[in-house]
Structure formats: C-alpha cells, structure tokens
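Chain naming follows the written order as A, B, C and D, and within any one chain the residues start at number 1.
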Amino acid sequence: MPTTGSPDGSHVYDELREQVLVANRRVVELGLAVLTFGNASAADRGAGLVAIKPSGVLLDELHPDSIPVVDLETGAAVAGDLRPSSDTPTHLRLYRALDVGAIVHTHSPFATAWAQAQRELPCLGTTHADHFRGPVPITRLLSADEIAGDYEDATGVAIVETLASRGLDASTMPAVLVASHGPFVWGRDADEAVANALALETVATSAYRTLALEAALESIQPELLARHFDRKHGPTAYYGQSA
Amino acid sequence: MPTTGSPDGSHVYDELREQVLVANRRVVELGLAVLTFGNASAADRGAGLVAIKPSGVLLDELHPDSIPVVDLETGAAVAGDLRPSSDTPTHLRLYRALDVGAIVHTHSPFATAWAQAQRELPCLGTTHADHFRGPVPITRLLSADEIAGDYEDATGVAIVETLASRGLDASTMPAVLVASHGPFVWGRDADEAVANALALETVATSAYRTLALEAALESIQPELLARHFDRKHGPTAYYGQSA
Amino acid sequence: MPTTGSPDGSHVYDELREQVLVANRRVVELGLAVLTFGNASAADRGAGLVAIKPSGVLLDELHPDSIPVVDLETGAAVAGDLRPSSDTPTHLRLYRALDVGAIVHTHSPFATAWAQAQRELPCLGTTHADHFRGPVPITRLLSADEIAGDYEDATGVAIVETLASRGLDASTMPAVLVASHGPFVWGRDADEAVANALALETVATSAYRTLALEAALESIQPELLARHFDRKHGPTAYYGQSA
Amino acid sequence: MPTTGSPDGSHVYDELREQVLVANRRVVELGLAVLTFGNASAADRGAGLVAIKPSGVLLDELHPDSIPVVDLETGAAVAGDLRPSSDTPTHLRLYRALDVGAIVHTHSPFATAWAQAQRELPCLGTTHADHFRGPVPITRLLSADEIAGDYEDATGVAIVETLASRGLDASTMPAVLVASHGPFVWGRDADEAVANALALETVATSAYRTLALEAALESIQPELLARHFDRKHGPTAYYGQSA
C-alpha cells in the first residue's frame, strides 16, 4: 500500500519507474549488458512494490509507463501492460531477504567470466576494497531439481545462502556472482546499485589481468582492505562530502 | 518471380534491400566488422530472391538501390549495378539448405579467434544457452581441391555438413564457425541474425576469458543449458512479450 | 601567499582551479578512471597552494569554484566549500619532495593490474622509452602501522622513497606504481601529467600483451631506451617543435 | 620539381598535404595511435616530394598548411614552418627503396605487442590472407652503432632489408614490424595505407587471441592463404567493384 504520493499511488509509481528506466539505460550505456541481457529493479518498501524491466524489450522503446510494477511479496502485477523480466522471482527473493533498495543483474564481460569460471573474485587491490569488503562470493551450482523447478526463485535462494554461509551483510558485500551465469549487484537505491555494478566490472577486469601477471596472488593485506572500505563506508568514513 | 509488391516487383526489392542495408550498417556499428569485412543478406523466399552487400564497398557510400539482388537458386543478377559480395555463393548454399531468412558473416574479434583456433565454442554460461542450444560447432578444413575450385560454395557446403553431422537444426543453432575464417550466423530475419551475431561475439568473449581463469571447464550443466534455451525459444518459452 | 594575480589572489585560484577541473575531466574522458576514482591536482609554487579534486564528487557536477584549494605545506583549506580528495596528503607529500607542477592519480585498467600484481613495469618498447627512462618502479607494501596511521601520507612517503632508493629523478621518471593500489603520475603542468598518465596506460597495456607473447623478455636494449628518451627530453632533444 | 598543378606548385602541395592531414587524423580516430604517437606521410613521385606529419604536434591544431613538405631524395624542407616528424628519415628511406605512395607508422596496441615481442605475425586466418601474403615479418634488432648514429635512417634500412631477405614485395606485403618499436605500413595512397594499418591491427589482435586458445598453430593452409590474397589482389582478383 503506497504511503506517499497522490491518493491513487500513481506518483509513487512514476518516480519508481523513472528510476528503474534510468538504471536500465545506464546499464547498457556503461557496457554492462548488450541487447536485452541484464535487468534492473527498485523497491518502494513503504508501498511494498517493485518496479522492474519488462522481459525481452529493447530499452529504446521504453518510457516510464512501460515499466511493470509488481507486489514485493507475491509478485502479482500491480501496474503496466508488459510482462516483467523473467528474472523477477530472483529479484523478489532478494528484496524479501536483504535490506536493499535496488538490484541490478548484468552480463558485464569480466564479472561474467569469473561467474562462468565458478570462482569467487579475490580482493587484489584498493579499488576492490573501496566497494566490497572482501572477495565477492560465488554461489554453489543449482541441483537438477532446482533448475527444473522454480528456477529463478532458486537462484535468489542460492544468492541469499551464499551471503549467509559466509557471514556477509548485503551492505558491505553488495554483489554475488551466480555460478555459470553472472553477477547480481545491489545498493540502497538505483544509482548506487548501478555504480556498484560498474565497480564490480572494473575490479573483475583488473583482477583477471593481475592474475595473468602474477598467478599466485591471493589477497591484498587485510589491514589495507579494511582501511579502504572503512574510509568510504560506515561510522569512520572520511571519503566524499557527506560525513 | 516476385509474388508480392508492385507489378514490377520493385517494392519487394526496396524493403528487402533496406533491411539488408540496415543489417550491414549494424554489423559495423556494433564492432562486428571493420572496413569492408563481413556481409549480411536477406531472402524473400516467396520471390526466390536474395539481397546482399555489394563486394568491397564502404557502407557510408550505399543507399538501398546499391544493394544487389540475385536469384536464390542460380545466383543470377536480378537488380543493382554493383557486383554482389564475393561470399554470395556461401550465402546462397545456406539459403537453399537451411530454413533461415537472413545471414550475417562477420569478422567479430573473439568469434574469429575461436574460428582461427579451429575450436568449437563451448557453452560455459547461461548467456550462451539463451541463444545457442549447445556448443557452436566448427567446420572441418577444406581440401586443397575445394579451395582451388568453387571455394565460396564449398564453404557453404562445409557449414551445412557441420550442422547435419551433429544433428543440429538451424533454428536452435543459429551459427557455425568456419575454420581458419570466421563465423556465419543466421536468423528468421535480418534483425534476429544481427542480434545472434552480437550474442555470438559476446559469448565468444566470455568463453575465452572463462577458460583463461579455469582451463579445465567443458560445459555448463546440461539441465541449465536446456532451461535457458527453452525459456527463450520454442513452445515452453516464457521470456519476452510474445508468448 | 599568492605572488601573482589580483590583490586577493582570486585570479590565481581561478586559473589553477580551471586547470585542475580540466585535468580531472580528461582523466575520465580518456578512460583512465570511472566513477569518482582517480584525482588530479596542480600546484602554484609561488603562492604555496594546491588545487585538487573534491572527494567523491562526480565531475559533471563541478565548476571551477567547486575545486578546493589547500596550503601546499600544511594542507589547510584556503578556498572552496567542498572537502578535498581523501588522497590529498599523498599529493602534498609529493609536491613537497618532488619538483613537479601537477599530479594525476588514476585507476587506469592495465597500469592498475601491474600495481596490483606488485610488479614494476618493464621497458619493452620505444613508446615506453619515449616517456619513462627505464622501468616504472613499484613501491614496497606499507606496514600495518603505516596503514592504520596517517595512511595517505605514508603512501606519498613510499613513492618518494621508491624514487630515491633507485636514484630516479621525477623529471625522467614521471610515474610510480603504488603496490596493491595504482599509479601516481606527474608532470610540469596538468596537461603533461595527464599525457604521462595516458602514456603509462598505453605502455602498461602493450607490456602486458608483449609478455603474453614472449614471457622471457626483460627490457629493450639500453642504447635504444636512451636514444628514444633523449630524443624527446633534455638538452639533445630533437622531437617536437620547441628545441 | 613539381610536374603538375599551378606554376608555383602550391596546388600539388595542397592536395598532398590534405591527404596527409586526413590520414593522420584517421590514424587517431581509428585508435591506432594516441597523443602524438604515430605519423603518416604521402609522396608525390612526379614532384619528388613527401608531405609528413609535423613532429610532436596534436592533430586538432593542424590545418593543411601546417603539414611540412620535404624533398624525397634529400629531406630538405620545401614548404611549411613546422619541423617534420622525427621519423622522417625512416619514411624517406622507404620511399626511395619501395614502390609505395603513402606510409603510416602507428603504435596500434596489438601490432605493437608483436613488435615488442620481436615475433613475426603469423597468418592464422583469412582476414590476414586478404591483406598480407604470408606472415608479417619482423626486423632484426639494430646494432648499438646504428642506434647511436643515424638511427631513423637505420630503421628504414632494416625494414627494406627485412623485405629483401625474405624475397617479399611491398605490394603483397604492405607492412613490417620493427622490433622493440612498432609497425610501419604502406599502400598505393594514403587511404590504402590507413586501411592496411587497420587491417594489421585487426589481424594482430585475432592472432594474439588465437594463440591463447591454441598455442601450437603456425599458419593457415598455404592454398587458403593464396586463394584469399589472390581473390582481392592481382590479375585474378574478383573481390570489389574494379576488376
């Protein structure tokens, strides 16, 4: 139920849909996905709604009214004539389990290579540490039953499990690599989710090349990882203009 | 003989040529070919005609009337002053053997590397499975006699053989890599053929990098391959807006 | 204390800030950094001032008045409402130790890979020799105490040490790679510093690929290195229009 | 002495300079060189003149009158206030030894990697065979005396020697890689030289990646090499519109 905006909730939808449309366009402009690969969504927690890219539609053809809005809990269609992304159940599973405001699923080239290689992305530099507090984890493979059943929901479950089993928090680890598939990335809002997706691709690229130069590297110093993450995030942050 | 359009068939040619011109331009814009490398064609099966890029001409200089139209069966010139692509016999051989509406031959960087390496492109991720139902196969090398003889036709024959010998259908395997050469890709129409060529380059890129990270990988799980292909294609598809 | 410009020094700031804003924009346009990664600064030695990018701000939002100006010796804020880059202490340490007019810190993809691999960048071609008189050195890792303490200043100290311990001069070696982090690059002015950062990325890229083709290479001939550097720099230079 | 154009030869210079300016701009636009790296020239054999890029000048600042014109035999300045490229003696040596109309020296990323690796570029695909009739050869290293002496002329001598010692003709092998340096490429005119430089970078890229996938490859079939080269070049050519 919308808690802000006009009586019929349409202004809530407008803002949310606009945010999602912009995020989906940014994903393509930044080279994080081609064709109709990839999708971005954002949640209005007060209203219990999620806006998400429609399935298999080129972004040039879209305006905010084309963006489907669904119920965060049930996935039921709330607004929009187009079918939502086939990955919608994955997004909804994540919104229900994690305290995040927006989710981006890309097929960005280097992050996808790590996901396909079924390897976690090690933290090999300070750019990584600026965004991700440790290695970006990789999910287990899904079972044949999970793939044959409610596959997209099972993907979301695997992501949540991956964070939980490593004691990770969505706010300090804003991405997981889905094995044989690609990255899911999130943030407090769509801008942050897209920025994190770009940061992920950037560090996935440099880690790939770093290991080509020095195969035995495992991680930067733990102190350096902590220093860089904490100077940008959390109570002791001194990066940026807000603190 | 044209079966639709104006009495003299000129409107049939216009639409077909326009489609082919746009496809050839997209191939260059998407970085799938440089200079005059690569070529796209489309068929009007009712009319028994194929429109194809002229040979060795930069696309900036072209308008639809520049696009040669040839007879699908005989290759005889039907319209246009320019000589058709030297690869026209390859295209015609494919139109006669396969149920496809358009063909794109690119020199896209990573797909060409796989073709030159004489290796089939393994299916290492869901993006691959979304477009190609299994590894993209590679042709055998041509014999010295085939190269010295009707070389471009022999290339088409080798592509058709490659599909047949593996029991593959053009609709579920819309590309073949020609050994020492590069990819031929197709679709129901020019838009789909170009999209498949872009998808091929995308997955050729990520497969290259995936193996650099994990050399022993052979394939994603067969269940995952089937699930992803089938959610986009065929009777049980639930991706996109059309089903 | 400003030695040129209007009585209140504002014109000195304008020119310096404009130079710094342009340099920061060039860094992004040239692909040497994404998001808010990277930062450029320039010094007015007569005035004892340094202008530097504000921390964590997207460049689209900036105009020259947004550029912070700080005291070269103390780091105290002299002008501007925004907080200067968190890397400011590194820049100031370099200005105090080295005779340079501008400094650029990028996260350019290949130079960062070398820095993360903790390897110096060998001189494998004449393009390298045109800009850097020998291998671009890499710093030692910082100690846990240095990381926990005045970390950004310690980074600058490590850069200065790296040059000194190898007997290098900032004018013939206009870059150092900071281990696990990325490159710091300089020049007589902001234009030259940006050009050197682009040259560094270019040669870091070709060195990476050169070693992939021929892993055992160590250096070009010392005579060739000297010839190329000296034809562009120093008393016997005959490259360019100025000599 | 000019043999065509207006009495004072100025129209000969205009056309030649314009051609050279366009070629130098294309080299940068195509990503074959950054900053002031790389240079293009063209000869008017009737007039015994060569126009070439000025040394160390950014192309944005140039108009045709800025392009230096020198005597093909002596290198003496004929027109223009700017100093010609420091590589001018290399170009002149090539014009005197080879029947070519234009020369392009780039630092294109992958061709430079092969040159720095001191490896000839093998012919691993038909795109290579379309442009270069066999492996693109690499020069020997220059001696310390050659480097200390008339270095740029010695570079030209080494290129000519490399062709001669392999029995190669400039018309069927329009490029040589200079060891530890980069490619020199030519053609009948500036357009063809630039196109060959782009083709070289394209095939240097795919050869690099082909060997990463299949290290033992040495060459495509000799019949295939001959077929592709000859279908585009020489008396039996059937590619393009001109034959």
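Convention: a residue touches a chain if its C-beta (ideal position, glycine included) is under 8 Å from a C-beta of that chain, and two chains touch if they have at least 3 such contacts.
Since the model is a prediction, treat every value here as computed from it, not as a measurement.
Chemist: Please indicate which chain is farthest from chain C, where distance is taken between mean Cα coordinates of the chains.
Modeler: Checked the centroid distances; the maximum from chain C is B.
Chemist: Only C-alpha atoms count here: how many degrees separate chain A from chain B in terms of the superposing rotation, rounded to the nearest 5?
Modeler: That rotation is 90 degrees, given to the nearest 5.
Chemist: Between copies chain C and chain D, are the contact residues mostly the same numbers or mostly different, with half as the line?
Modeler: different
Chemist: Based only on mean CA positions, could you tell me how far chain A sits from chain C in angstrom?
Modeler: Averaging C-alpha atoms per chain gives centres 33 Å apart.
Chemist: If I count partner chains per residue in chain C, which residues reach a count of at least 2?
Modeler: 212
Chemist: Chain adjacency by touch: line, ring, star, complete or other shape?
Modeler: Chain contacts: single closed ring, each chain with exactly two partners.
Chemist: Quick one: which chain pairs are touching?
Modeler: Touching chain pairs, listed by label, come out as A-B, A-C, B-D, C-D.
Chemist: Would you tell me which residues of chain C are touching chain A in their complex?
Modeler: 34-37, 54-57, 82-83, 86, 107, 109-110, 112-119, 141-142, 144, 147-148, 151, 180-182, 208, 211-212
Chemist: Which chain A residues qualify as touching chain C in the complex?
Modeler: Residues 124-127, 130, 195, 198-199, 202, 205-207, 209-210, 212-214, 217, 220-221, 223-224, 227, 231-232, 238-241 of chain A touch chain C in their complex.
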